[in-house]
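Should a chain be cited, it is by its letter among A, B, C, D and E, assigned in written order, with residues numbered from 1 in that chain.
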Amino acid sequence: MIIRPHQNWFFRLFAWHGSVLSKITFRLSLNVLMSIVAVISYQWYEQLGVHLTIAPFSLLGIAIAIFLGFRNNAGYSRFVEARNLWGSLLITERTLLRQIKSLLPDEPAVQQKVAKLLIAFSWSLKHQLRGTDPTADLYHNLTGNELAEVIASPMPTNRILLMLGQEIGKLRRQGLLSDITFGLIDDKLSELSHTLGGCERLASTPVPFAYTLILQRTVYLFCSLLPFALVTDLHYMTPFVSVFISYTFLSWDSLAEELEDPFGVSANHLPLNAICNTIERNLLEMNDQSPLPPPMKPDEHFNLI
Amino acid sequence: MIIRPHQNWFFRLFAWHGSVLSKITFRLSLNVLMSIVAVISYQWYEQLGVHLTIAPFSLLGIAIAIFLGFRNNAGYSRFVEARNLWGSLLITERTLLRQIKSLLPDEPAVQQKVAKLLIAFSWSLKHQLRGTDPTADLYHNLTGNELAEVIASPMPTNRILLMLGQEIGKLRRQGLLSDITFGLIDDKLSELSHTLGGCERLASTPVPFAYTLILQRTVYLFCSLLPFALVTDLHYMTPFVSVFISYTFLSWDSLAEELEDPFGVSANHLPLNAICNTIERNLLEMNDQSPLPPPMKPDEHFNLI
Amino acid sequence: MIIRPHQNWFFRLFAWHGSVLSKITFRLSLNVLMSIVAVISYQWYEQLGVHLTIAPFSLLGIAIAIFLGFRNNAGYSRFVEARNLWGSLLITERTLLRQIKSLLPDEPAVQQKVAKLLIAFSWSLKHQLRGTDPTADLYHNLTGNELAEVIASPMPTNRILLMLGQEIGKLRRQGLLSDITFGLIDDKLSELSHTLGGCERLASTPVPFAYTLILQRTVYLFCSLLPFALVTDLHYMTPFVSVFISYTFLSWDSLAEELEDPFGVSANHLPLNAICNTIERNLLEMNDQSPLPPPMKPDEHFNLI
Amino acid sequence: MIIRPHQNWFFRLFAWHGSVLSKITFRLSLNVLMSIVAVISYQWYEQLGVHLTIAPFSLLGIAIAIFLGFRNNAGYSRFVEARNLWGSLLITERTLLRQIKSLLPDEPAVQQKVAKLLIAFSWSLKHQLRGTDPTADLYHNLTGNELAEVIASPMPTNRILLMLGQEIGKLRRQGLLSDITFGLIDDKLSELSHTLGGCERLASTPVPFAYTLILQRTVYLFCSLLPFALVTDLHYMTPFVSVFISYTFLSWDSLAEELEDPFGVSANHLPLNAICNTIERNLLEMNDQSPLPPPMKPDEHFNLI
Amino acid sequence: MIIRPHQNWFFRLFAWHGSVLSKITFRLSLNVLMSIVAVISYQWYEQLGVHLTIAPFSLLGIAIAIFLGFRNNAGYSRFVEARNLWGSLLITERTLLRQIKSLLPDEPAVQQKVAKLLIAFSWSLKHQLRGTDPTADLYHNLTGNELAEVIASPMPTNRILLMLGQEIGKLRRQGLLSDITFGLIDDKLSELSHTLGGCERLASTPVPFAYTLILQRTVYLFCSLLPFALVTDLHYMTPFVSVFISYTFLSWDSLAEELEDPFGVSANHLPLNAICNTIERNLLEMNDQSPLPPPMKPDEHFNLI
């Protein structure tokens, strides 16, 4: 699943980096416009005693870079946490199925039932996080009654977890699991509960919005005023240098905002479809079912969703 | 619960970011005043040989920005920890109820009793952290005796945890739980104890106050002196650049202080009411009770409390 | 326990921030002296071709600020870890007592015995970390034999933990605890062991002393030479700007050193007395004992110890 | 396994640091070329009013250094996490074998069977991460049937974990393990599952590619334009200073990209072969088997792979 | 064990900070030499049009400071992790012995046997990490056969852990431990395994060597060229300012490299001897054995090893 388009460094300079560039194109154009205004008008407003130098902008630019670094850390750590949660989802579901197969090797029906519920759990979580309709992906893995119950619930993914709990509770009452082995599997359900709750937390609590506001406001204002500070020294080079500096700041700001919400469908978001597909393939393969659904392929922009 | 007001970037420039701007308005006005004083008087005091240049302020401003970055990290990590604690509250309570339902599927009275105590635990924690009266929120979830006992206690939330412990102790003595299954649930009570203690710790121990003092003192003094350093180069532009730089520093400082205390009721604090409401809806839904209380809606400023 | 003196921002500018300011007063005075020397003598030594400019000091000052940021991180994370350890002490002791009360609801003598040992554990840990005599605080909570044994031991707090272990071992041999429920409580004793060992580690291993040495040396030298670099540009303003910059660097350095050792008795150290008092009040309240010892109040400087 | 070539500091200046230098040689040559162009042409383009100064490049360079610091943190933390995962692999496998030997001291066949599966697990993980053929390394440790099953599986390492689970499930059904002791070992299999899933996650999810793109683009453009900004002040010294600054930025950028993918075979990647060899030697030694395979030696460049 | 030599701040300026200063003395001397060359020759090479200014060195110096900050973080976090591992060693060994004493209060021979093996474990780990001969320290704590077996093993510390596992396996087969209580103690052996594996990992995997190379190369070159950039402005003050700046950078670089390898015997390394001594004293005291070995004292430079 490693996606490293454009290994050639030269080509990278001109590569398309997904949704970030498109978002900042308009602002960069504004910046070019401001630069041209600055080049044309600076002799006129200098005569009026209006005067900007680069020194205060250096101070401000470095301060903003430090704050951008902070916000990138905050956004990136959310991305990493989200990825870790989905990684632990795969780990826990494989572990739970391995336990079932160790403890109940002669109960293939139980193994398949549990695998189906686990697969449904991961697809349902994906749809819950992206706000899409899970029916198509749950259809194959739940019975009619289960599907109806899940679709009707305002907390569908948690409802599937409840079904898993009832399933292993039934195995315990049937004597197939002792209290001890029930406890081993119940621990894994608690881990699934952590994954579910962690994803819900990331989705419902963004980085405090004031950070975004303050930072964007200062970044935009900084980039807009920059040409007027550069023009005294740089004359005709002002647009180039100004756009270069603005690109650096605007693209970092834009990327930080994008990574803050890791469950979206842009190029820099997590490929939840591909991860769900991987989970499904793993669990089916552990039960020796075939054929496996084919692995997902990245599109022509090397992106998975 | 995602709240992203003002998706339009242009509108964001002029958006209201809650309590931060109101707090710094007065200081920014002071800064404008100082700038005007600087513009008016600089020719006069230059003649006296009094003279400020921007170079030492650059050095100082960058140092202060680095220290502000440190303090923002400290404040933001408290905010994140507080959110994680409340996230784990939802996770643990759902897990505990799932265990009860797996182990005792034929005891709806026990399931509802446990759900009520868990709901009371989260509302009580909210009121304890905000210093408000919990009676109205506990009334529906506790019996008269329990309510009286909780209200009378100086540690009301811990008292509810003790009741949960006594409840599962009673189930064990009744033979409904074995030592093993008692242990599984007792582990979840220990997690609730961690959540409670973690929130109490955050509420009672701020970032060392000396950090706030030292940083605010240097930031305020820096912003007050800045116009006098800028005026030689910038003349009439001094107020604009000075307010811009001051805005950047003051708003970061103000936001850092606000995030340090994540259990308040401002725009950038945690929406504890909404989280408690979510917990209540989840637990009732797991017990198939209806109708559920309606989810909370953000107000006209996109804020939840 | 939230201590936020001086909510008024104007008053904060002149507030007393505990031990930090007193520590750096002398060094700041030195700095004023150096500034005056610089103002008086600079025309004379300029003639000798001796000449300092601000550019290398800008570079150095920013480098030192970055290193100060690193050291503050190191010191502050020790402070946070120490607070977390004491927070987990309260959590674990409440959890352990809750378990005893769930499992042995009809054994009030056992409950009180365990509560006393737990209270003694926290007071003993405080005295061990501060190097003070624990007798007065242990007297009420240990029997004569126990007190003698603890006082005689070179590791008194660990000795109390050993007594707790023997107490629950006795309950197991008496049949009041099964192996399973013994294990649940033994896990909590292991957590107390982690808290004890963690505090001992923080107390015995400071941040490598070379960091302190290198940083203080460069900060002091930097502040001493700074007036000579500033004087060419700033003339009579040199003392003011120089003291301002020095204050920023010296107070951060001083605060970082103070936070490194979080178990002391200064204003920015942890209020271990108040935390022990809180623990005692919590455990006694769980056993419905009354009257509770009164909560500790901060002194006239808003400080707890 | 500590590899510290070139303890002599002087020699270090000219040491070869693996794949990093070779990657940036071409770009550094480009930089020299640009510098020469700048030195030759600057008088000509200055006359055209085209003019670059170092001030905006200072601001930009520091901002880029801050962002490079962020990216190095992100890359290095992946390297550390990967190393920790492989460290925990050794720890868990030794622990699992120690448990088997404690519980079943009279079953050498079981001990050897488990050791072989554990050794196969680590070699298979290595081959899976590097995309190489595991047959040669698995041949000695798996039976013919097992080997065929593993090779045929699209998830070979997870398949070996499943075999380990079936092995201990069989011991439980034979009465050699109770539910309790089965649970102790099953916990270790869950840890192996975490290691496997963690490595898969690191391998399949790079740092968001937009970070790499944005940073490389700004670094390359910065280094290319730098000579034109330096040449006004530095004249003939431009190539030297420009290459020096470019070397600093390019080598950090290149190293960050290399560390992002810790499972490769370059000098700065993890020596997975040597770690697998260490694991094999440890497990065989615990079973008193001899002779052990010889430890791996670094090559003439002090590198292990 | 707190070692805070030189509380007097003035004395600290001239204090000896262990191995760091000795390592950089030669390089600082080189720097003085370069400064003198610069002062003597600058008029001559200025005439040749060779010309260095401080602006590019400011940019470079700040970038290097940021990267040094990163490397110090990496080195210091290894130091902290190593200390935590040794702290957890003390914690786990005390916990394990407390469990044995709770569960088997009437078996002093078992208690002493386990204590001896635990003490041997910590001494053996120290010798393994420092590559020294453990015989003298193991002699008192192991029987002749055990000592021979440990000395003969290529993994001696792990071998002692295996003996501990066999010891508690024997207790289980003798009926002194149930499966449950065996599991409680086995968990502690797994923690010892984590400590052992964590220390081995730190010792065998340094920070990627390319970081050290790149950083030292740029730091040394930066310090060597700095005098030539400073001399135009500072004339005779060049050597002083240049050595001051070089001292700051070189000492941080040197300290970072020293902390990377925390198991050495320099002043800033961990005092493993003293920690092993503390562990031995703690375990013997828990068994009421006397006299205890005396605690270790720091030498005349306030250092423990």
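Operating definition for what follows: a contact is a pair of C-beta atoms (placed from the backbone, for glycine too) under 8 Å apart; a residue touches a chain by one contact, two chains touch by 3 or more.
In UniProt terms, the chains line up like this: A, B, C, D, E = Bestrophin family ion channel.
This is a predicted model, so every value here is computed, not measured.
J.: How big is the rotation relating chain A to chain E when the fit is done on Cα atoms? Please round to the nearest 5 degrees.
T.: 145
J.: Would you mind working out whether chain B and chain C touch using mostly the same residue numbers, over half shared, or mostly different ones?
T.: Counting which numbers both chains contribute, under half are shared, so the two copies meet through different residues.
J.: With chain centres defined as C-alpha means, what is the inter-centre distance between chain A and chain C in Å?
T.: Inter-chain centre distance comes to 38 Å.
J.: With centres defined as the mean C-alpha position, give me the chain D-chain E separation in Å.
T.: 24
J.: Which residues belonging to chain E are in contact with no fewer than two other chains?
T.: Touching at least two other chains: 55, 58, 62, 66, 69, 73, 180, 183.
J.: In graph terms, nodes being chains and edges touches, is this line, ring, star, complete or other?
T.: Looks like a ring, each chain touching just two neighbours.
J.: Reading around the ring from chain A and passing chain D first, what chain order results?
T.: The cyclic sequence of chains is A, D, E, C, B, beginning at chain A and stepping to chain D.
J.: Write out the stretch or stretches of chain B touching chain A in their complex.
T.: Interface residues on chain B, with respect to chain A: 1-6, 9, 12-13, 15, 17-18, 20, 54-55, 57-58, 61-62, 65-66, 68-69, 72-73, 76, 79, 83-84, 87-88, 90-91, 94-95, 98-99, 101-103, 105, 178, 180-181, 183-184, 188, 230, 233-237, 241, 244-245, 247-249, 251-252, 255, 258-259, 267-268, 270, 281-282, 285-286, 292.
J.: Help me check something: in the complex, which residues belonging to chain A touch chain B?
T.: So the residues of chain A in touch with chain B come to 27, 49-53, 55-56, 58-60, 62-64, 66-67, 69-70, 73-74, 153-155, 158-159, 161-162, 165-166, 168-169, 172, 179-180, 182-183, 186, 189-190, 193-194, 196-198, 200-201, 203-206, 208-214, 216-218, 220-221, 225, 261.
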